[in-house]
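What follows is a pair of complexes built around subunit A, which joins subunit B in one and subunit C in the other.
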Partner chain A sequence: MTDHDQPVYDLSGHTPLIEQAPLARQAAFSADHCLKCNICTAACPVAAVTPLFPGPKTVGPQAQRLREPGQPSPDHAVDYCSSCGICTLVCPHGVKVMEINTQAKARIVERDGLSLRNWFLSRNELWGRLGTPFAPLLNFGVRSRLLRLLAEKLFKVSARGPLPGWAGYTFRGWWQREQKQHPRPAQHDDSQRVVFFHGCSTNTYEPFIGKLAVAVLEHIGLHVEIPPQTCCGLPAQSNGDFDAARCYARHNIEALADYARRGIPIVGTSASCMTAIKGDYRHVLGLDDDDAQLVAVHTYDFMEFLWKLHQEGRLPTGFQPIEREYPYHAPCQLKAHGFGRPVLDVLSLIPGLKAWEIDADCCGIAGTYGYKAEKRAIAELVGWPLAEQVHAAGAGTVICDTETCRWQITALTGANTIHPVELVAAAYGLTITDKAYTPPVGE
Partner chain B sequence: MTANIASPHGNQPGTDVLVIGAGLSGLMAAVHAVQAGARVRLIAEGWGQQLIAPGWISVCDRADDDVIAEVRGYAALHPDHPYAKAGDDAMVHGLEAFQAITAAIGLSYDRRRRDGHNMRLITMLGAIQRVMMAPRGIANSDWTDVTESILLVGLRGWRDFYPELAAGNLRSQGIEARAIRIDLPEPPGPWDRWPTDLARLFDSSAFRAAIIKQVQPHIRGVEKVGFPAVLGLDHHTEALTNLSEQIERLVFEIPTLPPSLPGLRLSNRLRRWLLRRGVRVQIGHPVTRGLVEGDRCVGVEVQALGHVTPFYADHVILATGGLYSGGIQTSETGRVWEPIFDLPTAGPDVPGREGWYYDRLLKERGHPIHRQAGLRVDHDLRPLNAAGEPALANVYATGHMLAGFNPLTDGCAEGIALATAYKAVHTALELDDKNHRGATDTGL
Partner chain C sequence: MTPTAVDVLVVGGGATGAAAAYDLARRGVRVLLVEQSDLSTGTSGRYHGLLHSGGRYAVGDPGTAAECITENRILRHIAPFAIEDTGGLFVATPDDPADHPARWVDACRAAGIDIDALTPAQARAQEPALTPHITAAYRVPDAACDSFDLVHGFVEAMRALCAHSTLCGDLLAYHRVIRLVTNDNSVVGAEVENVRTGDRQVIHAACVLNAAGPWAGMVAGLSGITVKVKLDRGTMVAMNTRWVNTIINRLRPADDGDIIVPVGTVAVLGTTSVTTNRPGDHHVENWEVSKILGEADAVIPGIRQGRALRAWAGVRPLYEPPDIDHGDTSGHGVQRRFAVIDHRVRDQLGGLVTVVGGKLTTCRLMAEEAVNVVCDQLGVDTPCTTAAEPLPLPAFRQQYHRLDHRLRKLEHGQLPGQLICECELVTRPQIEAAIAGYGDHPVALDDLRRDLRLGMGPCQSGFCSVRAAGILHEVKEHSNLKVTRALKDFVDERFRGVKPLLWGHQLRQLYLDELIYRRTLGLDRLIAPTPEERLDS
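Presenting the complex of A and B:
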């Protein structure tokens, strides 16, 4: 289904037209439910801090009236939308505001092409892999103020954007060596299997997250499989490069569909990658075939999966106490899942551990948004309420699920940031071999 | 829709209380439950109607004397009215608890303690609205004891508030009022300004200083100065106090078009208060059905991304709103029902939609559909099934979705939201009124 195919509608009135439309088209139709109440504008964290963005209603449902299908947006302010999706969440009438805006961005890219910088930022998967052998050199470059300023001048990539360092090896490479030591269950016993979707960041920047996830899943008694996979496609989608995003998406759907058919859960530690696989492939990119749906149904965020196991009585709860208190940031992409706050639910099972949710819609980075020179100041202002609460609490460590959010929170607050899997692994007493990794709680 | 489930879900890990809806009654139900020490989850499809409402608390707008006495008298004669279902005590305690929690989160709501009468507040069209309680900024417009002139300040180039219109209508009612327009210190941008844009500007003391300078020359003979209700968002109380001190007159706010700043301030502060107390607040995905075992609801299902997610709880507070908030659904065939638990409404009794409306839009006591399209409940606020029995033992309905009143015309919607939220939580958790801790738990 491309954007331009015209579906055939049943006009008898038995089924609402919006429900007959392809999923990706339903976003545009949902603009008809907009009352112009501006609740989304009031909640938009970007409109709150910059006059360059008039708010989600203006560029979304309002501008939508001026867009013919297949036509570009009447205004370019939609480029300042960070795609955090808070607008869609707060709308009491079910208008898919963020989806409308993301599709409008794609139409602009379709017409005007993608800037070199945005093309570059959309392909972190490629840079992660290609850069791995040159990690020491690249890490020097990433930390060099001078080179970053040069990159800002030449490529408009912000010198203040919190870039990660390369690990120097890939998680996949580690797993290829490692998995030989992990016995496989009998082929027919799919109930004991789980697929791990690592995402680009875990593969090349933070392999320790993947190692911890594998350790936790195996501790639970599951056999981990890590099929070939690629970038979830969200960076390309956010930059309006739907062709590239669909290409990544199709690759992943193909790689994961067989597992989904067998009822094997697919879990990932990056909440934003999981948003793409569960929702955006169908709702935004329009890849709404049986396989895409099957994969979406069987895909879980890592902590969502642990909480589901707990509800089924399958999660070992022999946790060692952790006498600590942490603030937790629920990333905007995680809020889009609609599965509550499984991080807080799971961590509440660990004796002594207190975690509370920071009142912040978005940390500001919104994927690649906060790395763009012209948007860096906006990203920092969006993250300011979060930083204020971390400072006020005097917290030295913040829990957060998504990698770019963690890097942003560290850049804004100076606090250490950890993925919740680190606490779960520590409470299970699990350790991993990784020179670059320090557990959040002492030995 | 409900699902009668075969496998026992009773032992699933969940919360003590699950609140569905993030309007006034849903948020306050969550507050009451937290104050009682319960573990609470709040799920809502979008924010509630406080974000498009003026922000004041209508308890009984038509009361000429003591409002609470009027409500007590009315409830005694009308046993099917939500006030009667909730009981007098719930109304009184609900109002007090609301005033206490809002004060604790730094947003004071005022009422006339002296005589218990309604205040007489000024609207953006220059009408007089009688209301029992309002955020301090709006309450400051109470015209009851005003002897001198009122000055209304508009912002040049802003389309949401016309001070001349309001002042003219006030004068025609015999109220001495003048209007001025001042310039915004900021150059106009390419887009319309939303109330939130202006409110964020008013958060800044430098911006306020520029406003104060323009208003000061006009205050001779003036007793109160009114602005559109955009006086700050995160620092509203500071902005209001600062303007009053510097202009040397009582400054008040007039509610304008949505989004409602009074509602936004309240929602933001309450959300932070709830989050810091461990409440799981989830805005954005609809609850699609209740999970029912026998006569109990053991949880609900949410249409989350990719799949359906269950949330389990011991008690459910249904605060999803009325006809205009999705809490009550209608079909083109004239069916009217509550969708999560598939509960019947009080009416209309005849099929089809012919009886829903009178022939004139502005009918004084509203249209039949608004009074009937609500849930009938017992004295514990449990919705009744078609046979008139409580449909579920542990589900309680609050606010706009209740039958027996018209939330659009009766002038008591917020009072009912507060009374029923209080009653529902106290019934569910079997709390003694004396055990209510009120706002002893302060701070953010």
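Presenting the complex of A and C:
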């Protein structure tokens, strides 16, 4: 075990920071703005497919008025909220509905405790690292229908939930070896440096995405730093385990604050991790201090960052043409950034490449939600409109920024899924050495 | 069936009259409680919601302070169903007179009020919304009290007593006393008018107890005598959420906007003190709202930016003995002690007793002392026993003061059926049951509001009133026109409460409600109901 498995801050016995922030700045307070217009209810992908969930307005701003501050939540329907964040995005009055719901889920955990299953799902960072040496064995287990059915029976982890496979090595380990073998020249100009936040998935399941990201950033001419970091904490947060989520968050804020202070951008290829750092640390977990704000301001989604460089005239545009057409799914976590569709913007710079956005809010998986046996059917129904459009277009490959969404889309449609960085790297003519990786556009 | 003769006719179905009627029934006296509107619709239904510890009066009015703490303990014992034990805090800010807390502490000790000194940090740990700039903080045994539940508790207890005996004790709602019948320097009954039908009838009584609150002067005047009641209007503002779970009092000499009371889903901020000459003066002035929000903001920073739901006013009936003239235009300085006037002694008019002044907190004591005088006139010598025995749990009670109560019930399947008022969680079966409870009597949507909190949430009936009107239509089989008018009355009344708060959130909400009711449903194009029709609907 490494140091960041230990709680960084012991929060027991203290009023959670969320309750120390001035009331008017807390997400719960935004319930005051609700006009009952039902726009969020109409947009919620979960409420649309199941009667078990009465919808964002009901479990959010409405129920919030009836929850005793500091007391466990008296309700349970809010557990069916997937925390996809669409409600917060569409609310015209600034109600932080998803944030309110997520906090209510944490209150339920305070009341009922965290189930073993949810504890398990919240610790993907740990499983990723612990499982790496046993990759072949575990990958067999993940693919075994029988073992998955057994896991569903015993732990209520859906047998149909698209679990990833272990790479067998970590991205961080690769980076250390890589730097030894090919030392990078020192870079003293902070404006030429960038921090890469890889997240757990890239570290242990899909290291090739990190390698591509590093290749692209270095091709642009930036010096890449990969400081120690841990899980963004989003899985723990959406399972209501705020203590764990706050520990992860604190650890990352500490690791990144110094870079942020020096104005060095922090970029990541997992849109959901970046959402957590940009917004959730403050609005959901209530870690609303100067460092958290500073880190949030300097954090960018990978494609958002590339587009920003382009607007500043710093992005090399010598792209090779890619004569292909792909549907693109913008994960709800990415929509929550509220920055438009930088993926489509950047890909439009590649000659010949056509990417079009699928008209669907959510793929259904919403982090760990779609892995829960009782919610798997909901997750599949939510993802159905997306799957239909992929089928109708006859697309064999779909672009998407977030790992769990990609796995879900593959599970729903059978289509291959790629991260946009794969196309950017290909268009720059960059290659990486990775036997598990096949570039989307071959020779 | 309305009796034509009783021992005592009590005028006024507020806290004082209801407590008196209950007290009389316990002493075996035949009593009829007459109320011109519904129970608890006078000052008792428009008050701040605070079961005083007495702390507020300790310095300026020690007698009332001592009464409050005694009655506070008694009401907790006899009517726990109406009380949420929030506890109270007195907090001083740097703007408040620095020498006041010391005087206040001594006065509280003298009045027998248990106070606990807290450090500012302790106070903020208990109530994180409080300003960090607290200079002194004390804990007091304040509580939140639902007057509706309390008044219903008294009335149901009175009825229960009479069900087991040949005595009668009943309530005559929607009847106004319009004349006191006198005979040889004695009041021998009253003429009452059904405010809905205009029918009049005389009820004979050996004694009339005038507990008409702000109207007490008018009722006494019906027999040609003068009772000087100083009418003092106070405004309150309800916020969308509770903000605090403890009652917060400002530790300074009593002034406007000193108190924040968490009640059910809301926090009630108040209040002001403005002399008026009408007992039904419920208007709210803009300066009062901004003053109240400003003062609250000094104690809870940011509350001013919160959503204010509704503002309303009530009129305090303060009694001024004829020989005292304060020359004080604000009512904060006037003593809150109540008075029981034996008109046989003061005006040589038998058969009439007036009780006026005081607080809701002291309603039981006021009733006891008034009933003592009444019994003296009647020659009844049974002592008062209302302080000893808890009231039976009223069947008809709201139980809204436990914040999470309804949400818990709804989520555990104990509130089945369609959700009609989404803000306050009122379901269709609840509305149907409430309508059925009125039997053949007419039902206004506003009655359902008082019974169920229908339309009291953030949208102020924007979404539920039209649904509730539909249910009323189905159950009562009223004509379309009649129900539509009932809807318009309700919506108009709700809009009235929002008008003093038309900025920010509530302005947006009202505009949305306006679009629904006036633009989409075209409520305004309906012919305004005639006064008779209005009473009927």
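We take it that the second predicted complex is superposed on the first by the 410 of 443 C-alpha atoms of A that agree within 3 Å, B and C clash if a C-alpha of one lies under 4 Å from a C-alpha of the other, contacts with A are read in each partner's own complex, and residues count from 1 in each chain.
The working rule: a contact is a pair of C-beta atoms (placed from the backbone, for glycine too) under 8 Å apart; a residue touches a chain by one contact, two chains touch by 3 or more.
Note that this is a predicted model, so its numbers are computed, not measured.
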After superposing on the shared chain, does subunit C or subunit B touch more subunit A residues? B
For A:R117, is the partner it touches subunit B (first), subunit C (second), both, or none of the two (neither)? neither
Check whether A:R65 is in contact with subunit B, with subunit C, with both or with neither, and answer first, second, both or neither. second
Touched partner set for A:R148, first subunit B, second subunit C, both or neither: neither
After the superposition on A, what does A:G55 contact: first (subunit B), second (subunit C), both or neither? first
With both complexes superposed on chain A, which partner does A:H76 reach: first (subunit B), second (subunit C), both or neither? second
Touching partner for A:H93 - first (subunit B), second (subunit C), both, neither: both
Contacts for A:K211 in the overlay, against subunit B (first) and subunit C (second): which applies, first, second, both or neither? neither
Quick one: classify A:R107 as touching subunit B (first), subunit C (second), both or neither. neither
Name the contact category of A:A31: first (subunit B only), second (subunit C only), both, or neither. second
Intersected contact list for subunit A, partners subunit B and subunit C 37, 58, 77, 93
Subunit B contacts subunit A in the complex at 12-13, 41, 43, 45-49, 51-52, 189-192, 194-197, 200, 258-259, 264, 268, 271-272, 275-276, 278, 280-286, 302-307, 309-312, 325-326
Spell out the part of subunit A that touches subunit B in their complex, as residue ranges. 37-39, 41-43, 47-48, 51, 54-55, 58, 77, 88-94, 275, 277-279, 296-299, 304, 310-311, 335-341, 344-345, 356-359
Per the touch rule above, subunit C residues touching subunit A in the complex are 125, 128-129, 240-243, 245, 265, 300-303, 305-307, 403-404, 406-408, 410-411, 422-423, 425, 457-459, 462-463, 505, 508-509, 512
For subunit A, which residues are in contact with subunit C within the complex? 15, 19-20, 22-24, 29, 31-37, 57-58, 62-71, 74-77, 93
